[in-house]
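We just call them A, B, C, D, E and F in the order they show up, numbering each chain from 1.
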Amino acid sequence: MADDKAYAEGMDIRRRMWGPEGAEKRVESASGFNRPFEDLITEYCFGRVWSRPLLDPRTRSMLTIAILAVLAKPNQLKTHVRGAIANGVSPDEIREVLMHVGIYGGVPAGADSFMHAREVLQELGLDK
Amino acid sequence: MADDKAYAEGMDIRRRMWGPEGAEKRVESASGFNRPFEDLITEYCFGRVWSRPLLDPRTRSMLTIAILAVLAKPNQLKTHVRGAIANGVSPDEIREVLMHVGIYGGVPAGADSFMHAREVLQELGLDK
Amino acid sequence: MADDKAYAEGMDIRRRMWGPEGAEKRVESASGFNRPFEDLITEYCFGRVWSRPLLDPRTRSMLTIAILAVLAKPNQLKTHVRGAIANGVSPDEIREVLMHVGIYGGVPAGADSFMHAREVLQELGLDK
Amino acid sequence: MADDKAYAEGMDIRRRMWGPEGAEKRVESASGFNRPFEDLITEYCFGRVWSRPLLDPRTRSMLTIAILAVLAKPNQLKTHVRGAIANGVSPDEIREVLMHVGIYGGVPAGADSFMHAREVLQELGLDK
Amino acid sequence: MADDKAYAEGMDIRRRMWGPEGAEKRVESASGFNRPFEDLITEYCFGRVWSRPLLDPRTRSMLTIAILAVLAKPNQLKTHVRGAIANGVSPDEIREVLMHVGIYGGVPAGADSFMHAREVLQELGLDK
Amino acid sequence: MADDKAYAEGMDIRRRMWGPEGAEKRVESASGFNRPFEDLITEYCFGRVWSRPLLDPRTRSMLTIAILAVLAKPNQLKTHVRGAIANGVSPDEIREVLMHVGIYGGVPAGADSFMHAREVLQELGLDK
């Protein structure tokens, strides 16, 4: 009962940010338990919201990092730091987003998020 | 100064959900530091609230999973996925609770909770 | 680019819970600013998740109340207390959900939510 | 099935902080809907935790204000600013608690909480 | 003991976003109770973080709206919707930020934030 | 552009609570990515707020533990349990703070925080 066009567009956006590992392969590794949720994310989160043209992927990546930092979701924060780099956000811009979070979301949200983001940047050879 | 009847009833409910490991043995492993809190949980959370008959344990398990998923408490979410299975909630019902969470609590809360719940279902041989 | 079937089903569910005021009329009162979000809610939240048959509307209403109480969303909590009554949840069951919230989400979340829910029950002549 | 001693002690603590309006009269104004929760708060929150002697009421009031500010519970924050004054916390100390919140819980939590606390201090003639 | 340069720069940024009412006049209306916090915000939040050049005010406004929407701070969300407009963010862009919030922070965070933002846009004659 | 006096005072407070590992050495291990945030914390959080004399370090440590427990920041909670012991807070007092959290922030926040705090007390030989 899915919206096929939105699903395909969502899958494209996932692939552009994380390669096949964050797109087809991730869906294939789902079980009957979590597959319906994976499909919903692909179609709605990526296919229907990320795809809206009025904000570019760079801005959406920065917003996503800010939201995940405030919500304390380290796994997804790390995933989206990688995605942000793929979308053209620089490490310096990520730092600025997290400093903004440190003020508005509190020092602990900032400190944890800097630690998690830095781990990803180190893996990517981008922590200078 | 405890309410002995509520304490005993709370311990029964803990034992039914997690066996002696989640009841007597857990209390015995407490130190002077955390014992008063363990006792308070047994008496109030289990003995005085879970024990109230108007909602059955299946419904209380689903509510608990939803709340823990929204509050981002992965350790306790995993404990209560086990407890929910013991209370007769099916993996399909747990999926529905978490899809509801994914909408109301946000995609990141849903995604993390699916990951944690699936780990428990895999350990129980129930991830299909 | 919407999924028309899901949209129609979502609108049906909204109408059953709140009448035309919470369905067509609410959509009509939207502006260009918030209309895309209203449509997304109708299709995605109601048409694609609430509509899933494995959990009945009574259980989904109780889960929604628990989540909104924990998230501190008084406006929507009040709306969903009305919706829960329409879905056949009794005031006594709503009390049990909120007592569960008071333990797991903390006394302040419980206290605020009891206050807001009671206001709705008073308007409906159901606070006894 | 209550613990009568804890209930009485809890009611004493409520009365000391807010007079009869925050104790007997509040209980009397409850309906069948929220009375069980009111009783649980009196016994459990006040009778079993606030009553523990190792932290004095001044310290518990400051902790409560910090927690309510972080949890964004303005109604109860205002109630507990009054209670804190009754427990001997000075307006200057309340300011320090909220500045601490502003750093750790974020500037918005601090700003909202200062606004709400100041309203109470103005009503009490203590905003200088 | 303040950093005078940062304080002056912070006051400039406040004035550019909200005029004298959100800058000097707001400071003048503070009492001894909240003045130290107002000064800290001006210097630290605006003078030391908002002032950093690597992200432009438009991007910082969008990030701030996203964070406040997720943190459920309606008063400050409304203030920053005004500030965002002053910084050149369009109503359409604000809608996109809030749709992103609705997915990542949950439908209730999105719905409340649309309601609050729309009120401000109506006051400004920008709700179309 | 920092406030040198506040920075030095903040560094002193960090050193008193955690030794050089939580002060100079921590700053030295920062990269260009997170150094500006580390400096901001030293200067504002420690140099400008912790340093304010009206609340003593014991009280600020207890408030910090309560806030971090409610915000679900286990890494920093553990760091601040160590800092609290250095500031003269006893394990019994930490228990009381966390029991207060368990009531106001919910049983899951209390349970997780007891687990994390107990780990630190065990490392320090203080879990009895």
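Following the convention adopted for this analysis, a contact is a pair of C-beta atoms (placed from the backbone, for glycine too) under 8 Å apart; a residue touches a chain by one contact, two chains touch by 3 or more.
Computed from a prediction, not measured in an experiment: that's the story for all the values here.
Participant: When every step has to jump to a touching chain, what is the lowest number of steps that links subunit A to subunit E?
Facilitator: 1
Participant: Where the contacts of subunit B and subunit E overlap, which chains show up?
Facilitator: A, C, D, F
Participant: Between D-E and C-F, which chain pair is linked by the larger number of C-beta contacts?
Facilitator: More C-beta contacts join the chains of D-E.
Participant: Which chain has its C-alpha centre farthest away from the C-alpha centre of subunit C?
Facilitator: The chain lying farthest from subunit C is F.
Participant: Quick check: how many Å separate the C-alpha centres of subunit B and subunit C?
Facilitator: 24
Participant: Would you mind pulling out the distance in Å between where the CA atoms of subunit B average out and where those of subunit F do?
Facilitator: Spacing between the chain centres: roughly 30 Å.
Participant: What is the distance, in whole Å, between the centres of subunit A and subunit D, each centre taken as the mean of its C-alpha atoms?
Facilitator: Going by mean C-alpha positions, subunit A sits 40 Å from subunit D.
Participant: Send over the residues of subunit D in touch with two or more other chains.
Facilitator: Where subunit D meets two or more other chains at a single residue, that happens at 40, 44-45, 49, 67-68, 71-72, 95, 99, 102-109.
Participant: If every chain is a node and each touching pair gets an edge, what shape is that graph: line, ring, star, complete or other?
Facilitator: The chain contacts form a complete graph, every chain touching every other.
Participant: Could you pull out which subunit B residues touch subunit A in their complex?
Facilitator: Its residues touching subunit A are 72, 91, 94-95, 98-99, 102, 106-112, 114-115, 117-118, 121, 127-128.
Participant: So in the complex, which bits of subunit B are touching subunit C?
Facilitator: Result: residues 44-45, 49, 52, 54-55, 59-60, 62-64, 66-68, 70-71, 92-93, 95-97, 99-105 of subunit B touch subunit C.
Participant: So in the complex, the part of subunit B that touches subunit E is made up of which residues?
Facilitator: Touch list, subunit B to subunit E: 103-109.
Participant: Give the list of subunit C residues in touch with subunit A in this complex.
Facilitator: Touch list, subunit C to subunit A: 1-3, 5-6, 40, 44, 48-49.
Participant: Would you tell me which residues of subunit B are touching subunit F in their complex?
Facilitator: Per the touch definition, subunit B meets subunit F at residues 31-34, 36-37, 40-41, 45, 67-68, 71-73, 75-76.
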